[in-house]
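As written, the chains take the letters A, B, C, D, E and F, and residue 1 is the first residue of each chain.
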């Protein structure tokens, strides 16, 4: 089951390379802004990553949820902290979020296995 | 201009009373869950409030943005911290969020005036 | 307060006339489909109107909510039935629906006053 | 082809157990509210299930559509009634719903086969 | 009635100044990307503006619709061309777009009056 | 990899036949409106197809994106023109669109291979 994250990671890296390889300046700058907005500043990087996670949850994008869960686990969030964030998303976003919550719990489980084996992806 | 928040606060309180006055058990329980999910636990109340703010931003609801901004200002967030949270919402949610960002900046300005006069609403 | 519905009704009629007055065939046909889909068939008109209401709620459009509430009140739904439908929307759509629930309760109150005075709009 | 529903059912049950097994009180209460809101009251259970279906359609969530279709078939809705509900969703939600309408028609077909063989899932 | 556009234009300019005046680098860069993406390149500016209009329509943001309609009128689009673009949005986005279509028709009418008087806003 | 488009094309045709085979008049008329709205008129078919693409992008529907990309490639749009349209969607819709942008780039690559082999689908 663990391979789901690894496959996502490889696909994401491959396609991002193709997107940036298109040479479109606006797209390239957007990707830079995207990276920049999660770096620590007035708010620390941990808080910002959690904001990205909850935003992805209420907008219901599994790939974005996975991306931010990887970062959150790398930044040391515990399961209980992640569940609290997912609960905020559940209340704000409603039961339509539940299928994505199932996906998020599955991803967290995979990430804990990877973590236990020292194999968390570097994104 | 300051009266915008006060009017919102009064309307919100009046209508919430009518909603809860309907005696519908499911609605009442949902309102309780909504209150409960922002209370400090594994994540502190400050972080959760910011999650609620960004979720409201990307779902583009001005009333929800105002509600969470009031709470965030009461919890001591600085303008710069709020701008960083709004910037995460801007990157995740795109330019379609910009009109709500204008609204948010106006609300923050109103709240700082109320704060300076000791008149922040208790919600 | 009752005039809110009347103003909405007048604005809606005036602008729909302008839209249909544009002579665009596709738009005209869409408006016909829109009217047709709420007429009784395999499902009765009451059920369909309620479906339109809940769809409008979870998509968070106050004008659409008002339109369907007017129709629902004309079709004889009680407050308690409407609250149950709004509760389904609340659970599915989450707390981001709450500001629209406040709006819906206000509209229902206005419609009951109009109904008591024999002044429900014919839409 | 019939196995699609069975797999969904098994995955859904397994992950819901894990979510509830997390011991998070807010999440558990939300799941209870979710179950409760479709039980018969001022509106009967059949009507509420149809409301859940159309809400899921316009919010474009295939898993939620499947869940409500299973319940709707168990509650005795005919194909023609379901098509009328899907048509309301199509008009309200637009052509962006069409891929989900394709999915819904496929699920209905699977459910009718399961029904004919006495194998409708108990959810 | 014409003053609606003028008020929007003034409010938009005032608040954008405050947002950019916050000195947040990420926000400033996003605003630059936003301006840049509508400039002529492989696609001409007229086509891009129309893309912005339809994107704003299906995401149902009146302020964004107004902004792009102002630009579209400045770029010489006829009413009939704009109606065709709005019709694409209606089909893709569904009847939930209709209230915004009413708004769009009202804005177009205002813009034609301003245009006749040589008073189209420079944005 | 090329088979992805071919499978989508076959599934789409099969299920659309079933949907239209249901004999539901409203659904049939909607499908006709959907076809009609992309035909050349005051705006040419090329421009309308691009509007459909960007609308599908910001509403984040991969199947709709694929459908419009097929049409756009058939209508002769270059990669650079398509990237510009996707960039408008990225700015308006935000980083939540990025996973769909990855999907779009993959589809464009497949379509160029099909085109080189004279095998573009006729939809």
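We adopt the following convention: a residue touches a chain if its C-beta (ideal position, glycine included) is under 8 Å from a C-beta of that chain, and two chains touch if they have at least 3 such contacts.
No experiment lies behind these values; they were computed from the predicted model shown.
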| item | value |
| --- | --- |
| Centroid-based (C-alpha) most distant chain relative to subunit B | F |
| Same or different residue numbers at the subunit B/subunit C copy interface, by half rule | different |
| Pair exhibiting more inter-chain C-beta contacts, D-F or A-E | D-F |
| When subunit B is superposed on subunit E by its C-alpha atoms, the rotation angle in degrees, nearest 5 | 120 |
| Farthest chain (mean CA position) relative to subunit E | D |
| Inter-chain centre distance, subunit B versus subunit F - centres from mean C-alpha coordinates, in Å | 38 |
| Whole-Å gap separating subunit B and subunit D, where each centre is the average of the chain's CA atoms | 33 |
| Inter-centroid spacing, subunit B versus subunit A (mean Cα positions, whole Å) | 25 |
| Shared interface positions of subunit E, touching two or more other chains | 26, 30, 33-34, 37, 55-56, 58-59, 64, 80, 83-84, 87, 90-93, 95-96 |
| Sites on subunit C touched by subunit E in the complex | 11-12, 15-16, 18-19, 22, 24, 26-27, 30, 34, 55-56, 59, 61, 63-64 |
| Sites on subunit B touched by subunit E in the complex | 60, 79-80, 83-84, 86-87, 90-91, 95-96, 98-99, 101-102, 105-106, 109 |
| Complex contacts: residues of subunit D adjacent to subunit E | 58, 90-97 |
| Sites on subunit D touched by subunit B in the complex | 26, 29-30, 33, 36-37 |
| Subunit A partner contacts - residues on subunit B that touch it in the complex | 33-34, 37-38, 41-43, 47-48, 50-52, 54-59, 64, 78, 80-81, 83-85, 87-93 |
